[in-house]
Structure formats: C-alpha cells, structure tokens
Amino acid sequence: MASLWEWANPRKFMTWTDKALPVISIFAAVLFLAGLIWGFFFTPDDYRQGATVKIFYIHVPSAMIAINAWLMMLIASLIWLIRRHHVSVLAAKAAAPVGMVMTLIALASGAIWGKPMWGTYWEWDPRLTSFLILFLFYVGYLALWEAIEDPDTAADLTSVLCLVGSVFAVLSRYAVNFWNQGLHQGASLSLDKAENVADVFWYPALVALAGFVLLFLALVLLRTRTEIRARRLHAIEMRERVQG
Amino acid sequence: MMPDLGKYAGDVFAAYGITFVLLGGLIALSLIRAARIKKRLQAAEERRKTNG
Amino acid sequence: MSILSVTNLSIARGGIPVLEGLNFAVGTGEVLVLRGPNGAGKTTLLRTLAGLQPPLSGTVTCADDAVAYAAHADGLKSTLTAAENLKFWAGVYGGGDIEPALKAFDLAALADRLAGNLSAGQKRRLGLARLLVTGRPVWILDEPTVSLDAASVALFAAAVANHIAQGGALIVATHIDLGFDAQVLDVAPFRADPQVMSGAFDEAFL
Amino acid sequence: MIRLLMRDLILALRAGGGFGLGLGFFLILVTLVPFGVGPDSERLSAIAPGVLWVGALLACLLSLDRIFALDYEDGSLDLLATAPVPLEGLVAMKALAHWITTGLPLVVAAPMLGVLLHLDGAAYTWLIVTLLIGTPALSFIGAFGAAITVGLKRGGLLMSLLVLPLYIPTLIFGAEVVRRGAQGFDVMTPLLMQGGISAGAIALLPFAAAAAIRISLR
C-alpha cells in the first residue's frame, strides 16, 4: 500500500511537483494579485488609520507566513532526524530563505506603518522585537547550511539547530513579552482578531492571505526541486573528482 | 481609478514597493538558481552517460 | 574465538562508497594488518571499526568497551607533561598505573617533560603508550610507526607482542613489517565502485 | 568525569589567559561604555545593569570556540569519543570548566565594575545572584554552539552568529532582575524564569551538543 511517505521519495516528488508546480504557481499569482488589488484599490480607508490600513494586506499575511515557515522547517527537520527523508530536510532548507524574506517584509511593512501611527519607524514592541529575533534565527540557520560542505552532516546539524532554536525562539517570545509589556497594542490597531475587523477589510485580507500561502508553497516546491537537483549534482561532481 | 491615499500615500507605496521588490527578488533568484542547477545537472548526467 | 568480526561491511567517505563486501574476524592473540594504497579507505575502515562512523551497510560485531583507537593525531596536550597526559587517559579508562606504559616505550626519563617539548617520535611513543593504560583488548591503530626510528619500532613491536600474548588483538594499517605472524588484508580488491549511488536518495530521477 | 574537569581546568590555567582573558575583556568593555555615553553618573547608573549583563555575555562568548576546537584539532576529541565516557558527560564537564574559568570570575568581578558604572546600591546583591544563576546557562548554550560548529573552518564567527540569539532570554531576565532590584521592585518572577532557563539548558543541551559532536566526527 502506498504510504504517505512515498510522496517524499525524490523521484516521485520530482514527478508530481513537475505537474503540480505550474498549477499552484498560477493560483498563487492570481490570488496574490487579486487580494492585493482588492485591498489596495477597492477598500475604504479606516476612519482612524486612514490609508495606512492598506499596509495590513501585506503585513499580516507575511507575518503569519514568517512564523509558520519556521514551524514547517521544525516539522521537516524532525521528520529528517527521525525518518531520514532527504526531501524533508531539503524542503526545510528551501523554506528558510522564503521565511526570511517574509520576516523582512513583515518587519519593513510594520516599520512603515509605525511611522505615521506611532511616530517612529522602530519601537521595541514585543511583536516587532520577536520578529527581529526570528530574523536572526533564520540568518543563523542559513549560515550554518552554507558553512558545512558534506550535505548529510549539514542536514543533521541544521536540524539539531532548528530544534534547539525553536525552543529558544519560544522562550524569547515570552521573555520579550515580559521585558516590554506591549504598550502599543491597542485592540483597535490589531487586525489579528477577526471580530474587530469589518468585513470590507476582512475578505480582501483573507484572499491576500491565501495568495501568500500559495506563493509560499510554490516557492518552497520550486526551491526544493532545485535543492534535490543540487544534491544529485553534488553527488555526481564528487564522484567525478574521485575518478579524475 | 487610483484611490486617494491622502497624506499616507508615501507610506503605503513604500510598503507595497518594498514587498514587491523583496518578493520579486526572491522569486527571480529562485528561478535563476533553479534554471542554473537544472542545466548543470543535465550536463553532468550527460557526462556520466558518455564516460561511465 | 573472535573479539571483533565484520560481515559484509561497506563504508563510505564523504558520501562516496570506498570499500565494500568486507568480511573478516579477529580473535584473541591475532594481528590483522591492513594494506592498500593511499586513499584506499584504510583510515575510514578503522574509524568505522572504532565506532566513530556508521557503516554504509553490513555490521561490525564487537564486545562493548573492547576497542582502543589511535589515529594519526596523538591527542596530546602540549601544556601537560608526558606523565600527566598518560595519567589523564589512565583515569578516563579507569586504569591505574602508568609506570609500565612509560617503561615499555622508554619514556620514564621524559615523564616530567611537557608534551609540547617532545620530538615528533617521542610524542608518537607517548601516544602509543596510551594504549597500554587503556586496558582494552583490541587495539585499532592507524599508521602507528610514522616518525618512529628503528629502535622505537622495536619497542612498539615488543609492546604489541606482549599485548597479544596476553590475549589481546591488534588491527593495524601499516606499510612496514612488524615481524610477527599476522593475517594480511589487502583492501584494494574490495574497492567499491565510486560511481554507484548509495542509498535511495542519490539515484537518478531525471 | 572529575578527571575531565580537572584536565580542562589545568589546561586553561597553564595556557595562560584562561581566567584572565574574559575578565580583561569585561573590564575594558565596561571602561569603554562611559567614554561612549558620557560621564553623567545618573545615566550610567540607569544603564549599568544592561551594560554589565551584555559585557558578561560577550566576555563569555570570547572563549567559547576553544571548548571543543582545540580537542578537535589535536585528535583528543576522536579519542574521547571512543573512550568509556558518555559524550554527554564530556560536554557537561567542558561547559562546567568553561563556567569555572570564565563565568565565575565574571560573577566576582561584576560588583567591582558596578562601582565604575554607579550601579544602584540595592542592585549589587541581585547582580551577583543573577550572574551566578545565569552564567552557567551562557556556558552550556555556548557549549552547544561550539559543538555544532566544531570542525568548521570559519567556525568562530559562525558560532557567535548562532549563539547570540540563543542568549536573548537569559540576557532579558538577567538584566531585568538587576534593574528591578535597583528600583526596589519584586524580582521573583524574572529570577525564577532565569533559573528555569539555566536548569533546562544544563539538563538538556548536553544531549543536543553530544549529538552534534557525533555528527561532526563521522
């Protein structure tokens, strides 16, 4: 019986992603653009925040992807450590730059929104600070991948780092909350709670979120395919060196 | 067509601009690397077939 | 009876298979000499036997806590004296007296010298003396006679002879003849085809 | 186990600078801060807890890459990995040795440097207490970072990049205790949190570090 794991067999993975990737990419592009165009052109301004409310159509989805990308990397790393599925760990490697860019977008859009709202680009608000820390974790994770030559050793060590890093990321989140109790989180300024948000803002935000999720998926699949090929390439080149 | 963004126009454009630049860069880099690795791998597989 | 045996062992270095289909066993009082050209995989094989590296396939069967390993590097601390270095390893292995080991390798006069001030050959002798304080039956040695002069090689041969007479065993990669009965295993015929892609992952998928 | 600890301590002592280096760095760092921010005693007093904690953290970082790198280079790590000592125990002993040679002197020196920064009188006790509780966590987290980068050519710099984000919770709670202590507030919550982090790091990280070393050696 075909198990779930067979989907992660590299050959099978390459076959099904070859067909699925274009479809996912098209859906991603359509939803991403639809959400942002809807949000940008066809939503009213918020009565207090004015036009800056439009920034949330990128800020909130990118922030959610930024966190969930790390979560995905954690799960993929665990699967690698336990079941030794190469595709899994390469997917984690492929997701890291995407997560990092999403973190950067969340930080940048948050800072730009903060300037007119809080009067400053940067505030050591727990959320912003946590994202800065998350960004540092992404940088460290990617730097470790780059530094290690042997692909299996790199996979093992980065997975261990991802595991330990996750624990410390959660600890940091609590510590940061404790350190600065979030003076700037008035409920009316948060779009995270659905009940506070009127439908006119909520629906385009949902579409944009779906677009971001699919975009993330498409990018991760594309990059995973590249990583699988790169690994095969590495294996061949190593053998050529032995022979030559 | 263009909505009136009022005094926050600059901020909103900056946010969208940065997003598109960053995402565009990421997508472009991913595609370039995908194409390059694919080409190199194909060349390597060819060498393998002919030599080995 | 065999202390360490190997069945159908394949090993890889840096993801590339180097040796395959190895089968051998070493019993008490036996010496196994590995031979083969540089880069054939002798060091990788020894590291696998010492448990530092997992085999690609096959099994290494060995009693727990039977192996003492000595590599190219002696693992000496240059700021400790020869005796202190040896005492540390004796302590780690739960052994006691270091005097016999010092004597066996003619190091008694150098015992209070800092290891950093010893010559290359003297360091090597100290590194080999470490084997005596481990109290382990199976010695796995990688080129133990590098930088040793003829007299020191004789000391080493005597120490080995004494060790196997007491029921020990020795697996050694070396190019010189130590002058006792030994099985010789030339690893060259077991050379693995490096072009074989190991494991399911590296297979072709295009 | 004790032998491993003693060996590392003797090595640190003989190599010279084992005790002194981190301490000297800490002293210089604290001396430099007033030059940077000005001699105003009130301002210095306000930032003293943070400066002392950040200084301690950086001083700790300085000697981390030697925890495993030296043993890796001279082959001892291979031999220790085949010795009848659990690698987890080895990591714990090495982290402990690092703490004794680096963390403990910092704890002793910190109050004296506090004087230079006009640290508030009520905070001295808490400074010593949190450093005493927090620096072991720095050593154990650092040992994990050193283990994961052992065998890498540019390991030192990369290790700082990996370890410093992991130091954030310890730093936050540590400096918070001192700050609250200086203002006479209740310090129990951050102190307990910091104790928890230290206990967790000491109990769990040696396993992660040992796994990393096994992977690096093969």
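Order of writing sets the chain letters: A, B, C and D. Residues in each chain are counted from 1.
To be clear about the criterion, a residue touches a chain if its C-beta (ideal position, glycine included) is under 8 Å from a C-beta of that chain, and two chains touch if they have at least 3 such contacts.
Predicted model only: the values in this text are computed from it and were never measured.
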Pair sharing more residue contacts (C-beta pairs) when A-D is set against A-B: A-B
Most central chain, judged by mean C-alpha position against the global CA mean: D
Chain centre separation (chain A, chain D; CA means) in Å: 32
Mean-CA-position distance for chain D and chain B (Å): 41
Mean-CA-position distance for chain B and chain A (Å): 15
Separation of mean Cα positions, chain D and chain C [Å, integer]: 37
Sites on chain B at which at least two other chains make contact: 41, 45, 48
Residue list for chain D, restricted to those that touch at least two other chains: 218
Residues of chain C engaged with two or more neighbouring chains: 195, 204, 206
Touch list for chain B against partner chain A, complex: 1-9, 11-12, 14-16, 18-19, 22-23, 25-27, 30-31, 33-34, 37-38, 40-41, 44-45, 47-48
Residues of chain C touching chain D in the complex: 47, 50-54, 65, 67-77, 79-80, 84, 88-89, 91-94, 130
Chain A residues touching chain C - in the complex, by the definition given at the top: 9-11, 14, 86, 150-152, 228, 231-232, 235, 238-239, 242-243
Partner chain C, residues of chain D touching it in the complex: 3-4, 7, 10-11, 14-15, 71, 73-76, 78-85, 217-218
Footprint of chain B on chain A - complex, ascending: 36, 40-42, 45, 50-52, 54-55, 58-59, 62, 97-98, 101, 104-105, 108-109, 112-113, 115-116, 215, 219, 222-223, 225-226, 229-230, 232-233, 236-237, 240
